[in-house]
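What follows is a set of notes on a single structure, which appears directly below.
Letters A, B, C and D mark the chains as written, and numbering starts fresh at 1 in each.
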Amino acid sequence: MESLTEKFQREDVLNIGGISFRSRLWVGTGKYKSFEETREAIEASGADVVTVAVRRVNILRKDEPNLLDFLPPDKYKILPNTAGCYTVEDALRYARLARASGISDMVKLEVIGDPRTLFPDVVGLVEAARILVKEGFVVFPYTSDDPIIAKRLEDAGCPAVMPLAAPIGSGLGIRNPYNIRIIQETVGVPVIVDAGVGTASDAAIAMEMGCAGVLMNTAIAEAKDPVRMAHAMRLGVEAGRAAFLAGRMPRKLYANASSPLEGMLASPVSGHPS
Amino acid sequence: MESLTEKFQREDVLNIGGISFRSRLWVGTGKYKSFEETREAIEASGADVVTVAVRRVNILRKDEPNLLDFLPPDKYKILPNTAGCYTVEDALRYARLARASGISDMVKLEVIGDPRTLFPDVVGLVEAARILVKEGFVVFPYTSDDPIIAKRLEDAGCPAVMPLAAPIGSGLGIRNPYNIRIIQETVGVPVIVDAGVGTASDAAIAMEMGCAGVLMNTAIAEAKDPVRMAHAMRLGVEAGRAAFLAGRMPRKLYANASSPLEGMLASPVSGHPS
Amino acid sequence: MESLTEKFQREDVLNIGGISFRSRLWVGTGKYKSFEETREAIEASGADVVTVAVRRVNILRKDEPNLLDFLPPDKYKILPNTAGCYTVEDALRYARLARASGISDMVKLEVIGDPRTLFPDVVGLVEAARILVKEGFVVFPYTSDDPIIAKRLEDAGCPAVMPLAAPIGSGLGIRNPYNIRIIQETVGVPVIVDAGVGTASDAAIAMEMGCAGVLMNTAIAEAKDPVRMAHAMRLGVEAGRAAFLAGRMPRKLYANASSPLEGMLASPVSGHPS
Amino acid sequence: MESLTEKFQREDVLNIGGISFRSRLWVGTGKYKSFEETREAIEASGADVVTVAVRRVNILRKDEPNLLDFLPPDKYKILPNTAGCYTVEDALRYARLARASGISDMVKLEVIGDPRTLFPDVVGLVEAARILVKEGFVVFPYTSDDPIIAKRLEDAGCPAVMPLAAPIGSGLGIRNPYNIRIIQETVGVPVIVDAGVGTASDAAIAMEMGCAGVLMNTAIAEAKDPVRMAHAMRLGVEAGRAAFLAGRMPRKLYANASSPLEGMLASPVSGHPS
């Protein structure tokens, strides 16, 4: 018999730019101890989108052990990313290389501004996004939580925007839910939180805010038990999505308080947008 | 084949005072539209402990439709509670009534201090707990987040303490994780967060802090779709528990920051206690 | 010419139980390096209420250097406190001793529940407060942020209640503004935040919430420069009070947002209660 | 005799690009009911920098009542701003107009990205800043809290950066202290928080984080009593600065906790950076 989880997921499929996604949790492949651990954790996460750094993976060399051998193409959507690219030119080059190698037309576009914090260079990002969209790429841009930049990326033709929750590898959770909320109001495309999630409740909060999905890597790979954390993240994303769709109770100072606390201040954190 | 959820749950059973609990989510029965909705939501929650207000349910009258008819005793552990009792005497009376009627030796002890906020009267609570423990009850006390009172309740013989996250029916989530953390340091018995949870991430956070379980009612019953929210809460509790056991990554200002943010300030919110 | 600070303070005098207070910042005397440093810091704080631990100060011995020699009685109101008392009996004894020695009829009543956390034993506190009020003391009780206990203390005859912002010596600021807000709604007497303030903005927030005053010790004494921090705290309390009386702007998601964020969730932190 | 406030201010003068500033509170001039109220509030704020929207003020027309008549040039530093400019060209035009009219070589540079949220267009901002610095302007850029952009602005020759705490007119306080902290680590020039402050404690927190100053307008002008709020803000800024210089106590879970809470997570909010 179909479980509630299966039923709810069947009725609520993420669709971006004509592509259907089985899961709202997208995962990266860095920082694992082995390809085997990577594979097990990704399987436990339930993700179908798996992002891979073109620069770091020898995707073109077929003679050596390769991460992609561990990720069967019938099971996962490989999303090449341009991590490690600090210029527009570099990002363009690696995006084109990934497509040329037959991996995907999709690209998770990163133009990094600073090797220390790994914040995006949003000026370069918008420029690169415009070029790649014109070349026919499906561009998923890793961006800051700046609503103006998010709008520019939508205008450039990106089918989704991927603002950071917090710096890459920080594990801090959504540091500024207000900006994420304003981005949701500002753009018409899905918002996928990228980077900064640290634990399962962080992922749940992103989904409760109405985000379309969450992308993460370090939070799983650097947990003490990555496979169990991958499982936790899967449940966290599903929990948050279900809570969002269920429509949470209003906040009050206490049950018999005359006025609800469901002011706008509450909403950005984990409220129901409707 | 056994799923990861089933495997992890089999290996991690909550045990309090010699009683095994199938789920770490405990649920109430108030505020639903019908007995049928109550039954469906509770089923979706996966709870085996279901708490019932002795005062409000005609548990002794077998001639009328009765909530307990909808909750098969082979499927659920009925936990009578003394909600609505404002004096020690009243609380004792209803606890004894519930046991006399054969429902359970367990009681969720509430001595309410104020009909407006429904905060517990901790002075009366400690007194009533001492008496009921001596009479052989298994007492689960609904208390404030005061560590001194929690310790008194443990000393009185309660096999767990149930501090509020926030006022009953408020949906505010854990308002003072610092006190919950201090309670965890102070008592040796399991800590079950009771009251104040509003959405799935709130439940996940409680579990990520290392709490043994979460009890809730309004957050499910007053969601727009109680059955879906019950499902969300089940996933949220499982997600938080799995994340706790997995051991989260340390917090940092950014990935390459020289020092981790895993100070104590971080920990109370959703850190790993070890 | 009168400064704005002087003008505003002249028009807004704190009055509790018929006693007028020049300042809303009350200070302790522990943890300083010397009596001289104590004196300088207290002077910089602008406090007129200075609390002194009867147990720790040899207030009855006139032959040794004494803290009270550094605090001229024409300049300060000495408020004896029962810090270090773990039983009702002990607290009563030291309160009576202080009065008998002629220091004051006022007492900051502490019945400590645990030497580790220094949380109050609220059961003993209520009992001791009742006894001392009947004996004619003006009792300022150091209590938890439990609204039910605050009400009991008011009912016992305390002219003010002094809930903790956070544990003594923690410097965490107001950990649960919701409870402080509920206490303000629940009692008719002034609420003075006691313990847990760490820096000037913490004090300002307490005042912006509409508290009548703030009592602190460690935040000043354990700053790197206690005298300058005492000055900062004076300004912080005055700033918060002035902001409270000025009536802050409503919160919004952004300036042109259709609805204000001034829901109740906002209010407990630093909103205007009116 | 010199007061402590006077003494501390004399010893701690803000200097940016060779210009000395008497106060760390900078104020705007919009949204007041009258020029008279503007003048009174600004006087109560103690500010010497007063920013004026070139676009909205008829600064060139000497035949009508003019805001600048109410702000004597010997008393205040007038800082023209380009509020209301949505393109680089517009911003350049109004900056040049202000200088040509003899008001100042300084300009608070705003290139607004969206009339609804008033977030800056950081792409245009960096471009305009480069041009104006080359033309000899002293450029104070109103920017987002993006550290990469802040660095670009410093590299362009701006003598300070002015990241927003929250959207203009929101009154939300510092929404992302982590980013402000990273900006402080990333740039060598002073950081002045611009926009989003709502009440006195918000200003104090900015200063406690080590910011060089705070610029605000709505929080004063839209308070119920703008003059009193201006006074509150003055005290709040002074309190926060004094607390920063005094060096706050470490945070702990409670006084006797073995390890301090002064992790990095604490620091961004109101910690001492050293």
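Please note the rule applied: contacts are C-beta pairs under 8 Å (C-beta built on N, C-alpha and C of every residue); 3 or more make two chains touch, one makes a residue touch a chain.
Every value quoted in this text rests on a predicted model; they were computed, and no experiment measured them.
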{"item": "Lowest number of touching-chain links that must be crossed from subunit B to subunit C", "value": "1"}
{"item": "Rotation angle (°) superposing Cα atoms of subunit C on subunit D, nearest 5", "value": "180"}
{"item": "Most remote chain, CA-based centroid, reference being subunit D", "value": "B"}
{"item": "A-B against A-C, pair bridged by the larger set of C-beta contacts", "value": "A-B"}
{"item": "Intercentroid distance (Cα basis), subunit B paired with subunit A, Å", "value": "33"}
{"item": "Euclidean distance of C-alpha centroids - subunit A vs subunit C, Å", "value": "47"}
{"item": "Contacts with 2+ other chains: residues of subunit C", "value": "117, 167, 172, 178, 182, 251-254, 257, 261"}
{"item": "For the subunit D and subunit A complex, residues of the former touching the latter", "value": "113-114, 117, 119-123, 126, 144, 146-149, 151-152, 166-167, 172, 175-176, 178-179, 182, 186, 265"}
{"item": "Parts of subunit D lying in touch with subunit B, wherever the complex brings them together", "value": "178, 181-182, 251-254, 257, 259-266, 268"}
{"item": "Parts of subunit C lying in touch with subunit D, wherever the complex brings them together", "value": "4-5, 8, 44, 115-118, 167-172, 198-205, 208, 218-219, 222-226, 228-229, 231-236, 238-243, 245-257, 261, 270, 272"}
